[in-house]
Structure formats: structure tokens, C-alpha cells
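In what comes next, subunit A is part of two complexes: it sits with subunit B in the first one and with subunit C in the second one.
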Partner chain A sequence: MEFVRQSLVIATKDLTIELRSKERLLSMLTFAVLVAVVFTFSLDPTVQSRGIAGAMIWVTILFAGMLGLGRSFSLEREQDAMVGVLLTPVGRGALFFGKFLANLALLSGATLVVYLIYALFFQLSMFSAAPGLAGVTLLAIVGFLALGTLFSAIAASTRLGDTLLPIVLLPLLIPVVFFGATAVQRLLLGRPFEEIAGSVRMLAAFDLLFLFVCTTLFGKVVEE
Partner chain B sequence: MIGVRPAAEPAQTEPLLEATALEKWYGPHPAVRGISFTLSSGEFLTLFGPNGAGKTTLLRLLAGSLRPTRGEIRFAGDDGDDEHGWRRRIGVLSHQTYLYGQLTAEENLRFYGRLYGLRDLPSRIDALLEQVGLQDRRTELVRNFSRGMQQRLALARTLLHEPEMVLLDEPYTGLDPHAARMLRGVLEHLRDGRRTILLVTHNLSQGLELADRVVIQAGGRWVFDAPRSSIDSATFEQLYSERVGGAL
Partner chain C sequence: MIDTSSYRGTRIWAGSLSILAAASLIWAFYLIFFYAPTEATMGVVQRIFYVHVPSAWVAFLAFGIVALSSLGYLWLKDDRLDAIALSAAELGVIFTSGVLITGPLWGKLAWGAWWVWEPRLTLTLLLWLIYIAYFMIRNATDNPETGKRFAAILGIVGAVDIPLIHVSVQWFRSQHPQAVVLRPEGPTADPEIVQTLLVSLLAFTLAFFALLLYRYGLERMRGQLEALRYNAISSQTTSAEGALR
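Up next, the complex of A and B:
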């Protein structure tokens, strides 16, 4: 119970700051629109966009998310606020989970806009597949953000900072992106749930694994 | 005048903290080398030393934001049941404020108060903002505050959970004379014989004013440790120059 309470305190603080500055949301959404525009103009008009929409959507979500993650711990650097938080009796797991929840809320909002942009730009009808898309995408971004939150804390404590984040994070995200993009693509093509059940199970397993490992390791990352 | 409630256990000579053979190395470089000492309840210790003496590292070890390479720190009454419980007993004021510029003064205190799990938070926040003279600025973003106002708010943050021990790391840095006077008044008030205070500074006059015990740290070691009453300011200044190799 204390874990949940402390996590919510951290997440509320991060979201309050973000809603006030809109720094991360605006950068993620601007990036998403720009990528969609680039795809719109670069794709051959004869290409069936529905056949590659899953890949386009996931490229956009992944890099927009990375952009947001890069700033996740920068607000803690000003006036050494992270040290102040670490001096309180907050559990390190709760601190991680709070940052994760805030990142999840922001990327979920940005992902919704990404889907709307692609639906608009490429005339994709997603209404019938919406519940499945929402579930699969949420599962995939949970795994992405569990790893991403941990690695953005590591990156923030190094001189390379934002440059380091994609280099160390992207290779580890391959399973999440693979199963997430595959499931989204099949849902967009109107395939039955049975075809994505394996991907969903794998995503759920990776989520549990990443959340457990990252919550456990976070204390060691931020305390020195 | 700051009105701070007395800490829970008023016992003048009871050891509150015991550090044994503390060492901290950053790679091959030692910052703290084999320091052992006890701090009693109600004691005001000022730790002097030149830049690079390892004072801030020692303070961060005591605060728990760094882990010692060797040695241990024990708090009286800490039975180890609550992993982070002893953090409730310590308040840290540094030249870094640990505040969020995008939050208001009140939001910053509420955030920290919730992390400490304080129950009577609204009344504590009201009292502390009143006491540090920021009641009228409570809804303003901290990034718009002057350095002195930010440090006053940081002081309120430090005292929010009524810690038994207050660690002060160069708290006067960047303060204008008015803010420095106010901080001195707070320290004087905190020195109530119940609360343990450790002040780290390289400013001799500010550090000697309120201390019960004075320590000089150089090269990661304590090279002088004596009661304040045993030495006058001029002699201490001379001694300091000798012990730190004329770094004054």
C-alpha cells in the first residue's frame, strides 16, 4: 500500500510539472507529426499503406517515446532534486514505479495521437480493431517504458546523457518492438485474435520480467 | 523568528550517531579516509576544511545518499526493520536546494511531506512558510524566486519532518546578507540542546559562531577535533592554517 502511495506521489509530481511545461508532450507530438508527414511524402502512392502501417506506427511510437524518456530525469537534475528525493524514506522501487507511471501516462497520450495522425494521413479505418490495438499497444509500451525508465536514469547520470540512451536501449527493445509491431500489423489487416495470441503472451511475459528486474535494479542505479 | 518544535528525545549526551572507520573512494581517489566519531544528541558540530577535503562526501555518507566503501554508520534506536526509516530522522540543507522550479513553494513542500508520509501536512506547511517568510509567495513557481528565497524554502523543506539531526552543507553559499542573517537566526533557534546539528563550511567566522565542537578535515581525515570552548577564534584560525597547509 505504501509502495502504491509513494509511486502515485512521484507520478503526480512528474505529471504536474509536465502539464505545466508541456515540454515532453510537445516534443513527442511534433516529432510524431513530422515522421507521419515524411512517410506521407516518401511512400510510393501505389503502396498499400495498411500493409506497412504497423511498422510506420511503431517507428513513430518508439522514437517519440525515446524523445520523452530522454527528458524524464532531466527535471531531477536541476538543483539536485533527485538527491533530495533519495534523502527521504521513499522506497527505490516506488520511486522507479512512479517515474514509470508518469512516463506511461505521457506516452499513452502521445500514442493515441500517433494512431489518430496515421488514421488521418493514410485513411486507415481502425475503429473495429481499436480495442485490440489499444490492448496490444499498451502491453508493448509497458515493456518499452520499464526498460526505458531504468536506462534513462542511467543515461542521466552519465556525461553522454541523451546520446547514450538509444544506443543502449534499442537493442534491448527488439523483442518488445518485434511482438508489438507484428500484433499491431495483423490487427490492422483484420486478422483474428488467434493469430496475435502468441505475441500478446510474449509481450505480457516481457512486461513482467522487465518490470521486476528494473524495479529491483533501480535503487542500485540511482544511489551512487 | 523561526519557531521549530523540539525533537522527540531530549537527551543532552546520548550518542545519536556512531561512525566507525568510514572510508569513501572514488575509483583510486580517497575522499574520506578512516574517520570514526560519535555525535551526541543536542550537539552542534562544525566541520571545517578546504575545498576537496571530503567534507561534502562525509555529509552525504551520513545522510545516506552515498554508500561508504568501508566502515559503518549506526543511528541510536535504528533496529534495521525499516530500510529507510532512519531517513525520517535526518534533514539536509545544502547549497543545492533540492527543489523543483516548475512547482510552487507549497507544491514542493507538499511533495516532500507526502514522501515522508506526514499526516498534519497542511498545518506544517502553513507554519513553516509563515516562519521562513514565504506565506505570501506560496503559490508562486520556485523558479521565479531569488536565491535567498529558494534557500529559505529549502530550509522549510529540511525542517518539514522535524528531524532529530540536521546536516548543513555550506548553507550560506550565495545568500545575501539579509538571508544569511535569517539563516543564522534559524540555526541559533535550532540549537536548542535537543537537535543535533552538523554544519559543513570553510567560512571560519560563520562556523565558529554557534559550534559546541569544531573539527578540521583535510585530505579526507579529521586532523583536529576539540570542544569549541577549548579554543579561541584567533588560535583556531592559526591552527587551521597550519593543519590545512595554509589553504586559508
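Up next, the complex of A and C:
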């Protein structure tokens, strides 16, 4: 339970800093609104938005999430604050998990707003499917952020920085995008749960696998 | 002086493997062009198959080697394992590129389109993209040791992810020709086709390992050269400091 306590300490630290500056959340939200606006203007008005809403929502969540992840380790990077964090008696695994939890809290908030934006801009009624949508989306962003937190720590220590993150992350995230977007699209079209059961199982497997792998490998990222 | 004698074993192995590889490649090309029958429906284009399938096999083998040696490198910190991973990754890019070039060449005639989002072709494209990311990570750090470590992490994560990516791309309806050789009920293709494919697989595998050993030897020597250069510079700096005092 020490692991959980330490993770929560790290997550609270990150979220407290975020609550004071609000810079990551605000930039993610503004960006998400802009992506939705760009979609509106680039789509032909005759296109049935309900049929492609799953894809648009997922592109928005991915890009906004990637934007937020880019800043995930920036505080530690400035003035070598990472050394200080590593000197605290927090295990490497717990440090990763805490970072992951903070990212999860932020992106969950941003994702909720993404759904509201799309419901508003594209007149999509989502209330009947809301519990399913919430569950599937949460499963998918857990997998996204497990890999995302690991590779944002790596990208932050390279010369390329945030530029590297999408290049490394997107090919690895294909299963999340595919199963997440398919499930969301089917729920939006009002299909029954049985049709997305396979996607849910695959997302859950992806989450468990990469939470374990990334927590284990994180120690090797920050090793000095 | 670089001690090249310690690579004698590597070089002897690389040399003998390349002779074997060259011989079996000539044999394979003879079989491909003169022995294997022309396929009834696809015609002469089907002969791309004997290059396409072995390239894909070698590309995936290379990724396996990258993953295993990356895992070894992270825990044992042995530079030799990193040199193997790097060499295998470079060859992996070359052979995945081969698959991605030969696939559409065949597909244009067989499917009528250069590119089709077909599971195995998509998987190879994603593998190729992961390999590209591997080199970008490797070269993006100021300290080469950090770059090696980060690349090894991507090598492992990529290997864990590939089966999941495979399942995702399988979701689409497959347009890829079904396996005609490796089937539980035994091959359905002509024996001539099977023999040609097997020889071609052998030739490509031998060529891969010969190239891997050459590239490995080169990478090891480059590493030693860098260490010598570093030592020379640091000893110069020390003597310059001594002279200033």
C-alpha cells in the first residue's frame, strides 16, 4: 500500500501545481475546441456527422492528450528538478504511477469537455449511451496514458522534445485508437453492448499489459 | 591502436555466412526464374512472392532480435547487445522497406490498387514506423548512452505492442492471399513453389545474419574508436591543465 500512497502523493503534487497555474488544462481545452471548429469547417455540410463522430472525437482526444503529455515532465525538466524528485524516498514505479494518475485526471476532465463540445457543435444526443461511452473512453485513455506518460518522460530528455512524442506514440497507439474509436462509434449509433464487448476486452488487456510494462520500464528512463 | 584481432571471429563468421548466402541467393534466383511454374491466374507477377515473403520473415525476425537484445541491454548494460539491437534494427528497416515496395508492386496487378488497408500490409507499415521512431529516439539525445537506453525501451514496448497491433489490424476483412505453404493441413501450393520459397527463405535468412555480423563488427569498432578519441581528448586536457599550472 506504500506504492499507492506514494503514487497519490506524486499525483497530488502535480494536480496542485496544475490547479494553481491551470496552463495545461486550459491549453488542452482550447485546443480541443479548435480541433472541433477545424472539423466543422473542413467537412462538407452534407456529411452525416453522426457516422464519423467517433473518429472526430478520437482524433481530438488524442491530439489534446498529446498536447497535455508534452508538458507532463516539463516542470521536472526545468532547472533539473527531476534530481530532487528522484532523491525523495518515492519508488520509481510509484513516481510513474503518480504521474500517470495526474495525467489521467487531467485528460478525463478534458475528454468530458470534448464530448460536450461535440454534442453541442454536431447536435449529437449522447445521454442514452453516456455510461457506456464513459466506460469505454476511460479504458481507452488509460492505455493511451500508460504509454504516453512513459514516452513523455523519454521525449522530455531529448533534443527533439515534444516533436518526438507523436512520432513515437502514434504507431504504438493503433490498438487503442482502433478499439476505442470503433466502440465509441457503435455506441453513438445506438448499437447494443454485445457489439463492443470484444473491443472492451482488448482495451482492458492493453491497459493491464502496458500499465505493468511501463511501470517496470520507467526506472530505466530516469536512471542516471 | 584499435584492436581488430578481437573481431576476427566475427569477421570469419560474417565472411563464411556471406559466401553461403551468396550461393543460396544464386540458387534461389535460379529457382525463382527457371524452376518455379508461372502461376495460372496472377501470371509472372506472382514471382514477387519469393522475395516478398522472405523479406517479411526477416523483418519480423529482426524485430524479435531488437526486442531481445534491448531487454538484455537494459539489464546487463553490455554494449555488445546494443550493437546487435542497432544492427538488427537497421536491417529491419531495409527489409520492411522491401516488403512495402514489393507488396504494392504485386498488389497493383492482383488487387488493382497500389495500396490496400490489408492487415499484414498495415502491420508491416506500422512496424516500419516503429523502426523509424527507434532511430529518431536513438539520435535525439546529447548523451549517446541515454539514447541507447531510450531506444532499448522502445524496442521492448514495440515488441509487446506488435501482437496487439496485429489483432487490431486483423479486425478488417483480410484481402491478403491466404497462406499456401504454412498451413496445419500441409501446403496447398505446388511442390515447386514450396521448394522455391523454402530456398528463398534460407537465402534471405543467411544474408540477413551475414549482414548483421558485418554491421555488428562495424558498430563495435566505431564504439572503440569513440572511446579512444575520448581518452585522447581527456588526456590532452589533463596535460594542458598540468602545463598551465
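Structural remarks
By our rule, the second predicted complex is superposed on the first by the 224 of 224 C-alpha atoms of A that agree within 3 Å, B and C clash if a C-alpha of one lies under 4 Å from a C-alpha of the other, contacts with A are read in each partner's own complex, and residues count from 1 in each chain.
Just so we're on the same page, a residue touches a chain if its C-beta (ideal position, glycine included) is under 8 Å from a C-beta of that chain, and two chains touch if they have at least 3 such contacts.
Source: prediction; values computed, not measured.
With both structures placed on the common chain, the touch criterion links A:I17 to subunit B but leaves subunit C unconnected.
Of the two partner chains placed around the shared chain by superposition, subunit B is the only one that A:E78 touches, whereas subunit C remains out of contact. Within the superposed three-chain model, A:V9 lies in touch with subunit B and out of touch with subunit C [touch as defined at top]. In the superposition on chain A, A:L150 makes contact with subunit C only, not with subunit B.
Shared-chain residue A:E223: touches subunit B and subunit C both. Look at A:L87: by the touch rule set out above, it reaches subunit B but stays clear of subunit C. When the two complexes are overlaid on their common chain A, residue A:L209 makes contact with subunit C while staying clear of subunit B.
Once the two complexes are overlaid on the shared chain, A:L189 sits clear of subunit B and of subunit C alike.
The contact surfaces that subunit B and subunit C form on subunit A in the two complexes overlap at residues 223. The part of subunit A that touches subunit B in the complex is made up of residues 2, 5-6, 9, 13, 16-17, 20-21, 75, 78-81, 83-91, 223-224.
In the complex of the two chains, the subunit A residues touching subunit C come out as 147, 150-151, 154, 157-160, 164, 167-168, 170-172, 174-175, 178-179, 182, 202, 205-206, 209-210, 213-214, 217, 220-221, 223. Here subunit B touches subunit A in the complex through residues 63-67, 82-85, 87-88, 90, 92, 94, 96-103, 107, 111-112, 114-117, 150, 157, going by the rule given at the top. Within the complex formed with subunit A, the residues of subunit C that make contact are 74, 126, 129-130, 132-133, 136-137, 140-142, 146-147, 149-150, 152-154, 156-158, 160-161, 164-165, 167-169, 171.
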